[in-house]
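Here chain A shows up in two complexes: once beside chain B, once beside chain C.
Then we have the complex of A and B:
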């Protein structure tokens, strides 16, 4: 049977076309829309690489297609039994070598260029099953903004825009990998090792990412984002993170929530400034319950837009879409309002708060995100959990806890 | 090449050897490389269906955002076992099936060097494969990914027995591959027919030889890594325990020093197959035989220097990254040479588009796509964007499915009449080809887009909010990929139907249906138990072609003319057949010895007493093996092909 070469060529082209056309419309983790200098450098090398690979592929397929058509069996004589052509072979060996050498030089120099360390802003990043912790060290400066006290947050990495940031990455349990596609490539978080990764965002905005080294059960639900703010907004963010604890007003649901929080949540989750009845600080001891020894700090939970491994939104879908598409000039103003974003000044409840997600989580966390919390199956870890167990909270407890947490802004 | 040996004597052995030439015992106790090859193929195809079902379940789960077909734990087990099954229980043993069956035939030998060892390899592989898969029913399969990175694979983080099954199962299957590699190396180096110089060997034999050397050196590395891991999990060692100062990158290096040569172990046999198929159906020798052979050997060597390109994001430091980046680009050169040579083999030929030829050409096209995307990962910084995304999944599936599997299917269609005496149906073959070719492009083509749009691998769910919209809507392309996967499955079903149909309906194929070129076609189809009545004398590369065709002066000048048919060539060979043919006798002991290994493994997992029982069986098998007479008594054993030759049995094995 004779195969029509046009069909084969069309099929081959279709496959290659997919590879060639890189530009995307709107996927938030699109690697072809660099938003900072590191990712842009990579893009500058990667694009021509795709184009050259595509052209080489087309040439090969054209030759194959032409040979299939031209030399199909039309009753011709048995061809000459030639065993090859050494000169042609050598040319065909040298040619790809030259093309590859042309890429090897910039490829190698870029490896070293992207490995340079900056110290304008150094942030510690620690991976844990299945969320990221960020730690801004006391006494450091970040893009000119002083960090007078240590700031510990989770999920959403806030950085100053247009500033070289250096992440110092490690892990408390298994290997994870930190990736914000629009800002840079990946870097693994390996327990016992400290790796650095450069981050740079040209403009204020939110850049989403995902843990990309398989890290066990809920690997798919270990996400993260980088939020870039201009210097003034970043200063405001730092000030807010370090603002003194504000206890709920007497007699409110939130006040009930505070004691409920101290009883139920503070075993693992730190809220800075929270004190017990005798005025002593309430200190979380997550190492008593959690295998890796840490749980997200909730002091300013409502300044973040997602929780539990940055998987579940703290803001509604509409607000999220608006925020993600916010122009860079106005982004910081909106973001700094946390769940109160897009809320009229005279409103008493936040317009964007995704209360349902938080309630559902408090009711039964492992049902929303698979984790190792079943007390009957924790022999390997001596009863320590990986993730948050179901605390069997009542509706009333959830009600007051949500009210309390809503004030952690 | 008959081996000299002492006169057969029963006094040396305690047990009689089996003598059945038909029925199930003739398969279970066989040491015939052809029967072992067929059994390898049948078992590999079974595991292909297992791994394929796992793939379809994965694609169903990913068909829509936030899907709920599989839970997180089951999904992790599914992709771990899909890769493990496809690599270790399908592609490798299927290549071993072709190698076992064809290698002795292609070099003009009557069997492999160590026939009993060959049977042992097969049974160990079978029992190892079954062992790994029983984990599904004994508490869950391994869930750490086929790369099984430390420390996630430790007892602390993966407490179920799945990883134990995986470790011990691969250890068992590795023994099979290691034995087989030694066997085939010795066979190729020592048992070639007179005149079969190394540079006259068919390219398939050459590529298989390179693969056996890769196996010989790569398997000990993974064996060590697996021992370290199983001692950590089962006996309290702490090789990968970070708290005690271990560096998790140790496992990654060990795994990929094995894992990257493994890639060439998977692909080179298919390079060999299509290097046989393309010349046959182009009616012309392989273009640049020496270049193809040496580039294959070069890939075998350079393949050892590229393992850390799997670790560009691991944080191993810029010097290592740069060095491995350049080495990885280097390996593209010999690979490119092969693609050029295959294309130029067709150039100026007289092309016959049989199903085998279509699969071979399809292999070149798909492998080229996989190779080119591979070059884009070689640039290390670009790879930090691509690695662990679907872009990589696209790349290696184009290489493994588009390259290795398409090549193996070309092998099915090409050698089926040789192995079973009947040719697979060509019409169904073309359906098979087009469904698989289109299916592969629709499954793995979109994954290039998915990956560059930022969809990572190994994620049970992909949230709707991250799908984007427009041309690169990830939900849409995931759905396309799932439809593509079912198209491939349909193609495979057509193949299975074709096998059934051929065996029920097809007529006996001609002796030389493809006007082939190499020695395996210079004997009966299927070949007699002793392969060749007379060991052929080899005068040239493509020996059979030169026996069939001669240059004849015509009025148009010198032309190649077919001066004799394969039947005539075969008749001439049979006329000078050997009076006494030495064949190894069947043996009880390979299957017994092999049976002990999974019992040891179950014992290590569940109860050490059982491990001692397994060890006793292994010892028993080894003693039986040694105490068995070197041959059956003369006249005990008649080979299945009932011809006029008297059998005097040889102590080989």
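Then we have the complex of A and C:
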């Protein structure tokens, strides 16, 4: 029986609709828009392969369609049945084999080419449930910029633009996978193993990514970004990261926040340069509280644009849109101002600070991002949490802590 | 007489009536209680449906044929007596026993019960599939053999593997050689026997196989009961202070240490003790560069490979933290030209050192 034309049209329309769903306009994690050498190499490989595969696919479907039409049931006799056709079978085996063998040459050589070892910057990347930590080695140089002291950050990987960067990736707990689609393929982070991944961004800008190995409860909220800066801006970023600690002015909310921070947060989080009453450095001991043995370093929290597995914005939606669309010449300038970006010079409060998100986080982190922190359910880990627990802070405590954190820039 | 369908419904109706009476009686006679009323309604409904079925003879044309009541497939006497009701009963008993003793018994009983039920149902159905007993038996076989054979095969295989594994865990090196030498010889002898001119009878083959299977299972169970042999350990990583700072090899402690390493990829670094007495790190990311410094993430597993290229046995020690927090991890003494793995986690920075080697230390940074 033939399908009525109207039904056929409806089916075609539905199919087309489905197809169009694939055409997202605003897709920051689009592998088809490579923004660096490695990603471009991969793209340059996958496109011709896709075209050839597409043509083969079309030919196959055309044959199938033709056969279905030509031999459709019109009540005719069943034709003579035959079995086997050696000539055809050999051709149909050899042809794909030849095509695949031809593909294997560029594909395999590309795999090795992506593993080249020339690099001008080495950064350690460590995954844990559910955020990424980056550390820059003391005494190394990164795109010509000296790193005189270790730098530790979280979520946002800052790299020099137009520089081959090598990530040394591992994990503190389960297997994660690091992926910035516009810069390169993905690489698993496996505890006890060290995997390397090359990064290269042509131009300053922000490149978004996501953990791509299922890693438990908040896997979906384990995101990351790479931020590329030109050499001068990268130098400025490094200087800022290593700038000496600025204690809050006495009598301010932030000063109250400092002691609140020391009491509540410093057992897990590190703020470099913070000292106790007798002048000894306050050193975090996250391994006493957190299963992975680490919590994000908060020394320069306000230089990042998102937090907690790069999931919640630290800047407002508007500012984020503006920053992401900033041309590469001005991007670094804006980015380096952190939450103070787009703030008029005479203003006293930052225009872009997403205070609401930070407050919500401090009020009840596991409500915002699912984590294993319920004290009644931590027997399996001997009381160690995976993620940040609810500290039952009061409004006043949150107030002063936010004031203190706002100065960590 | 009664058609098959109406028999079921009349039976259900009668059951409802009986339960209604029992219920009414056991709850002290309240005829108007919801339970009694519900059961009585069921009695009426089933009786009505049964009557309808009976009146139109199950809507089954062939059942209009009075004679078919005795000749139809469904009226066939079941074949030979079956073992499955007994298996099901065993399963139910197992459930009860399991419920009060061990969960494992309960789980096994569930499996037995389900298997018994499935077999019984298919058997009951197939015995009435047609009028011919041979056809019925064949139907059952076609339904269940594809299920039974793989499961039985897997069980048999599992038993063999289990028996072998227990046996091998029980025997030590020398006993293992003897035992499996004998077994191999027996297999060889058997092969000669079977391949020889005079073919052994089927019964002989069956007998020998049975004896072999029982022997294997018996040996397996016996070894499982005796437990594993004690397995010697050859520790390659140590954390005791005296050892980790000891120069050169220790006769006693290092005697059995393994001197070969299989995992050589994806290391954080290769550490070389050179012939000239220098200690250097080759770190991925810094090709062709001998470094005197290594940065590792805090509290992450760090795997290093120590290559001893000097001319005497030496160990590599990681010393991290200070004062009370100081912790030491080291390899066993590594013979000249050999390698060892050093695996540790560091919370604070420190050094990698070779005890007794002056000046050659690698700075270990933990940011």
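Assume the second predicted complex is superposed on the first by the 377 of 409 C-alpha atoms of A that agree within 3 Å, B and C clash if a C-alpha of one lies under 4 Å from a C-alpha of the other, contacts with A are read in each partner's own complex, and residues count from 1 in each chain.
The rule we apply is simple: contacts are C-beta pairs under 8 Å (C-beta built on N, C-alpha and C of every residue); 3 or more make two chains touch, one makes a residue touch a chain.
Computed from a predicted structure; not experimentally measured.
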Clash or fit: what happens to chain B and chain C when chain A is overlaid? clash
Looking at A:71 after the superposition, I want to know if it touches chain B, chain C, both of them or none. Which is it: first, second, both, neither? first
Once the shared chain is lined up, is A:247 touching chain B (first), chain C (second), both, or neither of them? neither
Thinking of the overlay built on chain A, is A:49 touched by chain B (first), by chain C (second), by both, or by neither? first
Using the touch definition from the top, say if A:168 reaches chain B (first), chain C (second), both or neither. second
So, does A:150 touch the first partner chain B, the second partner chain C, both, or neither? second
Chain B versus chain C as contact partner of A:122, first or second or both or neither: second
First, second, both or neither for A:191, with chain B first and chain C second: both
Under the stated touch criterion, name the partner, chain B or chain C, that contacts more residues in chain A. B
After superposition on chain A, the stretch of chain C among 7-15, 25-33 or 133-141 that runs into chain B is 133-141
So which positions on chain A get touched by both chain B and chain C? 190-193, 195
Contact residues on chain C for chain A in the complex? 266-268, 284-287, 293, 295-301, 303, 343, 345, 347, 365, 367
Contact set on chain B toward chain A in their complex: 71-73, 76, 143-145, 149, 151-152, 155-159, 242, 245-249, 282-291, 313-315, 318, 321-322, 325-326, 329-330, 332-333, 336-337, 339-341, 343-344, 346-353, 358, 361, 364-366, 368-369, 372-373, 375-376, 378-389, 426, 430, 437-438, 441, 445-446, 448-449, 452-463, 465-474, 541, 545, 549, 559-560, 562
So, in the complex, the side of chain A touching chain C is made of residues 117, 119, 122, 124, 126, 133, 135, 137-139, 150-152, 166, 168, 170-172, 190-196, 285-287, 292-294
Taking the complex as given, what residues does chain A use to touch chain B? 1-3, 8, 11-12, 14-16, 18-19, 21-22, 24-32, 39, 41-42, 45-46, 49-50, 53-54, 56-57, 60-61, 63-64, 67-68, 71-73, 76-86, 88-89, 92-93, 96-97, 100, 103-104, 107-108, 110-112, 114-115, 129, 169, 173-175, 177, 179, 181, 184-188, 190-193, 195, 208, 210-221, 291, 311, 313, 317, 320, 370, 379-381
